[in-house]
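Following are the structures in question.
Shared between the two complexes below is subunit A, which has subunit B as its partner in the first and subunit C in the second.
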Partner chain A sequence: MATITEGVMQKASVKDKVTKLLGVNSLDARLSLVFIGIAFIAFLLGGILGLLQGLNRAGLLELPAWLNYYQVLTAHGVLLVLVFSTTFTIGYFYAALSHTLGGLLPKVRKMGWVALGLMVIGVVFVATTIIRGNASVMYTFYPPMQASPWFYVGLVFLVIGIWVTAFGAFINVAHWRKNHRGEHLPLLAYFATGVFVLLFFGSFGVTAEVLYILPWAFGWTDTINVILTRTLFWSFGHTLVNIWYLTAVSTWYIAIPKLIGGKLFSDSLARLVVILLVILNITGGFHHQIIDPGITPQIKFMHVFMSLAIGFPSMMTAFAMFAVFERAGRKKGAKGLLGWFKVLPWGDVRFLAPMIAMISFIPAGAGGIAQTNFQLNQVVHNTMYIVGHFHLTLGVSVVMSFCGAVYWLVPHLTKRVLTPAMNKIGVAQTIIWTLGMTLMSGAMHWVGLQGSPRRTSYTTYGDNATALGWDPYLFLLAIGGTLLIIGCILMFYIVFNLMFLAPKGETEFPIAEPEEDALPTPKWTERWTMIIVLMLAVVAMAYVIPLVDMIFNAPPGSPPFRTW
Partner chain B sequence: MKQAKYGLVLYIFLMLPPVITFLESVMAIHMHMQMPLLLIVGMLLAPFFQKHFPQFFGTWNKNGVPGITLFMIIVIYWLMPRTMDEALTEPIVEVFKFISLPFLAGIPLRDSWSKLTGVSKNIIYVLLSMLFGLMAWLYIASPTQLCNNYLLIEQKALGWGFLLLAASIVIYFLSTIFIDESKYV
Partner chain C sequence: MKIHRMEEIWLIFGVAIIVISMAITGYQAFAFDMEPPSGTEHIDPQKVDETAPFDNPGVFKTGDNTYEVVMTLQVFSFTPNEIELPKGAEVTFIMTSKDVVHGFQVAGTNLNAMIVPGYVQRITQTFDEPGEYLVLCNEYCGAGHQAMATTITVK
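So, the complex of A and B:
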């Protein structure tokens, strides 16, 4: 028995050495690069549409009659929230699985391409209906607003694509575990497993929603239960938000310590963060519906509690990250209480971008916790404040982490290197982006507190004094948006450069090592069945009672509306 | 012994009057949260009793079958709508609930589970999923109120909860058949 295990381990270590010598598997790299390439094309297009909106909201740009504000808003949301984030996450984690598990299995790679095909078909359906002006329903596609049925068909393809990638990841992880008995799954692959478990189970709600909407959209049924669709949507929507967050966090835990010359803070703590996020994630949905009627305050309160529970692993992450920074700084000879802060490699964009992401998560997370409260949410719910909030969480925390990963991930995959010149452009991009987002998101927060509504094109409400008072902030918003488009174009150029133009060379996939005196990770962290069962139990606790109430005590359904 | 301490704390917490009032105010929470938590209390306390009374468990629950039978009897008893009603109206039945679920179901379950053979475990999975499926059908399909204390709509919510529970057990059961855990550890 022991010899078999040793034999397997020896074989594995030989494989690892081969991988190390030959570098990244080019077939796996191509798949990840296509996903990441698509992500950044969506990023550029979404950014341009964002600028159009910003200028319109400031009253500086009148959109032509053939290009509706809500059409632009829908495309902006779908491209950035659904396409950019999902394709980047999949590309990144497939590269991570390939690197940490000794290459993707041929069938998993094939599944990756099939998934990509399905997602492209989905995006074509969705994009066509939006461009033709038949689906200006925003990325949340709330009924009773009704898009063309083909919009929802596209969403079905997108979700199936996501499922195929999730199963591909599961197959690869199971295969590795079979050949590495008694070992812990590498931490990055552990994060990947958590993310794909969430992607799979989290999308159940939206799948049920889309299957319920389809017959209504085709006209086979007359009415729809609005509150039910919103609830199903947010059971998925909030999970998706945390999937990006978990992806960003994985780069913080694993890549950053290595880049700044530090060590992994604690393998067990990082795994516990993944476990907690997987278990607690799907059940926070109702805090997006705090002012929705038809849900009892008790149920909303339970969801508030469950949402706040997600804050706990975030605090653990914050603690771990600052501990890593301090240790790395002190190792470099930093003195005094905060001396370590100065010796961090601020000029290295691979550190600077994710560091900005982390710093921005402090106000962003605090704002989120504030919004989860009933009374505070009622003040800001339908205002620009919310838009400001998610441009800070997603637009900075997530996007900057993803961009930070690009600087080492893309050259690693293309066997190129990040040149000092490109590093400088990256630093400039990060500064411009941060400045732009601070102006834009700050203005959105403030003008939202003054009552300016979200999801609305520019209007002065008949030159109402209050509405006119918003204008200076909306100007700031437009200035921020203009800076952001510069950042967007720069980022696109950087990705293009790292993919096709940068000089050939070897770039390491940075994986932090544990401290010498690290304690062994407990075995139970590998029991995914238990984690998933706990997750399902929490989901059942959160959703069975309200969903049954919504279905059996349903109000009369709503006919479709076309508001544009 | 850490587990036993946690068990005791959880047990005392569940006995607090406001906690009892809240947990029993909704049918699904009563049956699917309070009762399983009481069962978990028993499972957490089990190592303490196993350590102090090894003779007792060795004599009376040698192969795990008596223990699991007792567990099934207690679980089936508490699945009945009538017993839930009684627990709410008769204080003595409420006390019985707080004693029977931890001590006559939770402790025997933990003591028996490791002693049971694979086939017996499979029988329990199948029995429980069938039982929960049956309860789901009863609570969802019943046109009348089964409990005097709970509304029809709460009954339906409980029924759907049972269906999910049954499905979860079936999925877990199938996973134990198709996935050989020993290949991974």
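So, the complex of A and C:
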């Protein structure tokens, strides 16, 4: 018995050593690179469409008849919210699993390619229907607006693709755990597990929604329960937001301390953050529906509490990050209360970009707490304020974290290096992006507070005085958008350079080590079954009563409409 | 699992912010009837024109400077539109949609509600300041969404 275990251990450690020597498994790297490549193609296209909207919204650009504003907006949302974020997350975590678990299993790698194929088919369906003008329904596709049925078929393919990658990750993690009994899953793989658990369970709602819509879209059923579809959508939409956030946070905890010469703050607390985000995540959906009918204020209030609970792990993260910065700075000899702040490597884009991401999360998080807080939401719901909010969270915190990871992840995978010249371009990109987003998001917040609505093309509502007063802010928004397209093109060039042009060399996958005096991580953090059961219990508390009420106490349904 | 003393203080501070803000908004909402619009009354969205009170949309005086506005929303208009009200009027808007989801928002006030087919939404506002208020649809509803607006004039 002992010899068998030893044999397995030996085999595993030999495999670990081989991976370490060779740096990266090139077969795994190719899969991740294709996912990341697709992510940044979507990023560029989505950015260009974003610029068109910004210019139109400010009254500076009239879109041609064949390119409707709402068509552009739908494509912008789908490309950035669904395609960019999801493909990057998968590419990044598959690279992380390959690196920390000693390579992907051949079976899992195959599943990755199958998933990629499914997602490409899905995107083709979705993109074709949007381009042909048959699906100008926004990425939220609220019924009873009805897109071409093939739009929903595309969404089904996308979701199945996501599920295949989630199962691939579970298989790889389970395999590692079987061969490493009694050991803790490496922290980055732990984050990956959390993200894929959320991707899998979080997409149940939208899957149910799309399967419910499909027969209606093909004309086999006559009417649809509108409020039910909105609720199912946001059970997913809200989770998706936090999946990006958890992905971004994983780079903050694990890569950044290593890059700035520091150590991991606390392995246990980082795992606790993952656990809390997994358990508390899915249940905030109704804060997107605070002024919807058909849901009682009491249930909405409970959801608001559940979604604000996310503030707790966020506060833990903020503390951990600044503690890491201070310790790293003091180790370098920084003196005084804030001396450590100055010695941080501001000229290193691998630090600067994610640091901007963290800083922007402070106003973004505070604004989020304000706008989601029950009747306060009524002041800003569906105004430009909301758009300003998620361009700070998704557009800065998440995008800058993802870009920050690109500078080491892509050269690690392609066996190239980030040159000082490319670092400079990266710093410029980060500054331009920050300026652009500050202008654009700031203008959106301000004009939204005054009542300017989201998802609306250029209009003065018949030269209404109130609406005309919004124009100067919308002009600022367009200036911000113009800066952003420069940042967008620069970033695309950087990714292209790191993939194909940068000089050959070795780039490390930065994984922070624990402090010498770190305490051991408690064993219960490995009990995923318990975590998932707790998560499902919280989801049941939040959703069983309102969903049953919506289904069994439904108003007469709605027939389909095509209003564009 | 050991948590640093400073971190404990920080986290208590964080939880306190959330709990206190929820307590204040919750108290206001449930004690002073400031809940967000959450209409649970049903209506057949295909029979709005035949269902009271929407068979006769309009502005109705219900008491001493209190009014009811019975309103339907449809692509891409509000019925009735160009509403006129006296200063200080307390108005309850009773609304439903005849087709897709619309939004009812009055710039410069807290009036904001989703109008979802199948449900009746009610929302009340007192207009203390005279002037022209812009009413607009804030939920994307189709090609003419940017034209879906009207005004409330308070004299």
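Assume the second predicted complex is superposed on the first by the 554 of 564 C-alpha atoms of A that agree within 3 Å, B and C clash if a C-alpha of one lies under 4 Å from a C-alpha of the other, contacts with A are read in each partner's own complex, and residues count from 1 in each chain.
In the analysis below, a contact is a pair of C-beta atoms (placed from the backbone, for glycine too) under 8 Å apart; a residue touches a chain by one contact, two chains touch by 3 or more.
All values derive from a computational prediction rather than experimental measurement.
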Contact-wise, after the overlay, does A:178 reach subunit B, subunit C, both or neither (first, second, both, neither)? first
Between subunit B (first) and subunit C (second), which, if any, makes contact with A:292: first, second, both or neither? second
Touching A:548, do we find subunit B (first), subunit C (second), both, or neither? first
What is the contact status of A:347 with respect to subunit B (first) and subunit C (second): first, second, both, or neither? neither
Please work out whether A:316 is in contact with subunit B alone, subunit C alone, both, or neither, and reply first, second, both or neither. second
Name the contact category of A:563: first (subunit B only), second (subunit C only), both, or neither. second
In this superposition, which partner touches a larger number of subunit A residues, subunit B or subunit C? C
Classify the contacts of A:378 with the two partner chains as first (subunit B alone), second (subunit C alone), both, or neither. second
Partner chain(s) touched by A:269 [first = subunit B, second = subunit C, both, neither]: second
Interfacial residue positions of subunit B with respect to subunit A in the complex: 26, 28-29, 32-33, 153-154, 156-157, 160-161, 164-165, 168, 172, 175, 183-185
For subunit A, which residues count as touching subunit C in their complex? 68, 70, 136, 138, 142, 144-145, 225-227, 230, 268-269, 272, 289-297, 300-301, 304-305, 308-309, 311-312, 315-316, 319, 323, 369, 373-379, 381-383, 450-459, 461-462, 464-467, 519, 522, 554-559, 561, 563-564
Touching residues on subunit A, where the partner in the complex is subunit B: 174, 177-178, 181-182, 523, 526, 529, 533, 536-537, 540-541, 544-545, 547-549, 552-553
Once bound in the complex, which stretches of subunit C touch subunit A? 1-4, 6-7, 10-11, 13-15, 17-18, 21-22, 25-26, 28-30, 34-40, 42-47, 75, 99-101, 103, 105-108, 110, 112-121, 132-134, 136-147, 149, 151
